[in-house]
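Heads up, there are several structures right after this.
Common to both upcoming complexes is chain A, partnered first by chain B, then by chain C.
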Partner chain A sequence: MIALDDTDRAILRELTHDAGQGAGALGRVVGLSQPATWRRIKRLTEAGVIAGKRLDLDLEALGLGVTVFLGVKLALRGRTALGDVERALAAIPEVQTVEHVLGLYDYRLRVVARDIADFERILRRRIMTLPGVGEVEANVLLSEERLGGPIG
Partner chain B sequence: MLDDIDRRILRNLQGDPDLASADLATRVGTSSAVAWRRVQRMKDAGVIRATRADINWSALGYSVEVSLRITLEKTAANAFDEVMAERARSPRCWKSRRFWAVSICV
Partner chain C sequence: MEKTAANAFDEVMAEARKIPEVLEIQTFLGRVDLRLKVIARDMSHYQDIWRTRILRLPHVADIEALMHVASIKTATDLPI
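After this line comes the complex of A and B, so read on.
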């Protein structure tokens, strides 16, 4: 496991906010030269700490005003092929993430929709029609706050 | 408003946010100047908020990730504020969401 110092943590914190900035700009924020910053980013990337980069889009500006977290319980646990259910859920364009979880539900999905009526259409036509899907719980997102987590 | 080219640009950038304008242009079928201008326009309009790094927590020794669902006590008037204040003191918490919950049984 890689050991991090305060500067590494500051670099990671900066990159989770803006990974588009170069090593020079990032170095000025954390108080390092451009080459020293670049070497640290390289080390963190090679150690697998930086899993990848992701585009942060304003979903509302894209016309997707509703985000719903869905808990899905399988109806015939043990008799449904998990791979088939996962593939079918992942193939729904409005489903952003599919997580297999241990707990009250078997799967946790993040679903985006234009509005509640659009979400109802996705739920009725795409999710509830899948074989193996049992109880479903919907949590409509009101607000979301990103915190620093262990590196914050 | 976004058109089909904008949407194709976003789809390609979601797969690889570091894609160079020239490669992006080839994939969406336009010139690199046009691709670059459209990306800038979407950044200025706030459609593209940022490119963010995703942290692999298990590489830092955090191998378990748990989603906690908290139902607020409706009789306590300041329950929400108390939970929020407590959460700010918890260094392991990195996302909090407010929900409006519905159960659907089929």
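After this line comes the complex of A and C, so read on.
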């Protein structure tokens, strides 16, 4: 972990809202020159605080109108190994994330589909048929917002 | 969620946005109505957020907590 000052935190807060802004524009917001801001971003990147940047795509505009979160309970009978279940779930292209969780479920999956019929196909043919998959609960995503988080 | 009040969702979401440790707010069609992704430094910090912030959210009927253990897959590509 590297030491962060308030200016570093201000830069990170700005970048979490728009990672595409240049050092010049960012510097004006946090009160630094363009080269000084650039050096700080470089330091934060080299230290691994900024681990990467990602595109925020509009799934609906891409024809993926449905996002469903699945809670999956394992039903491990006989020889089905945990690793096999995880690999099989991760291999489904529509499954965007697989999280191992503690609580009511064993896994939490984020699944994208073109529409409800497409989702039904994925659920029935790809997920329910997997050995080791027990109870499945589906919740259809209606809205989602991401917040900046407690930086400093 | 207690959905007897017409603006229940708006109110609980407005309150949730004020909690710095809340990273994501999602609403659903299904058994679950609302999901908050909460980050904490450790379990005692989590307990503090839970007691002082989460339990005080309005219109909440029942809370279920899932603790993240590991990310098995985080897709970087879409099926497009």
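Some observations on this one:
Everything below uses one rule, namely that the second predicted complex is superposed on the first by the 147 of 152 C-alpha atoms of A that agree within 3 Å, B and C clash if a C-alpha of one lies under 4 Å from a C-alpha of the other, contacts with A are read in each partner's own complex, and residues count from 1 in each chain.
FYI, a contact is a pair of C-beta atoms (placed from the backbone, for glycine too) under 8 Å apart; a residue touches a chain by one contact, two chains touch by 3 or more.
Just so you know, these numbers come straight off a predicted model, no measurement behind them.
Of the two partner chains, chain C is the only one touched by A:V112; chain B is not.
With both structures placed on the common chain, the touch criterion links A:G134 to chain B but leaves chain C unconnected. Of the two partner chains placed by the overlay, only chain B lies in contact with A:G48; chain C stays clear of it. By the touch criterion stated above, A:L62 is placed in contact with chain B and with chain C alike. After overlaying the two complexes on the shared chain, residue contacts for A:A90 are found with chain C alone; chain B is out of touch. Contacts of A:V101 after superposition on the shared chain: both chain B and chain C are touched.
Residue by residue along chain A, chain B and chain C are tallied for touches, and B comes out ahead.
Contact with both chain B and chain C is seen for A:L142 once the two complexes are overlaid on the shared chain.
Within the superposed three-chain model, A:I2 lies in touch with chain B and out of touch with chain C [touch as defined at top]. Common to the chain B and chain C interfaces on chain A are residues 54, 57, 62, 69, 101, 108, 137-147, 149-150.
Residues of chain B that touch chain A in their complex: 2, 10, 13-14, 17-18, 45-57, 59-62, 67, 87-88, 91-106.
Interface of chain C with chain A (complex): residues 17, 20-32, 35, 39, 64-80. Across the complex, chain C is touched by residues 54, 57, 59, 62-64, 69, 86, 89-90, 93-105, 107-108, 112, 137-147, 149-150 of chain A. Touching chain B in their complex are the following residues of chain A: 1-2, 4, 12, 15-20, 47-58, 61-62, 69, 101, 108, 123, 128, 133-152.
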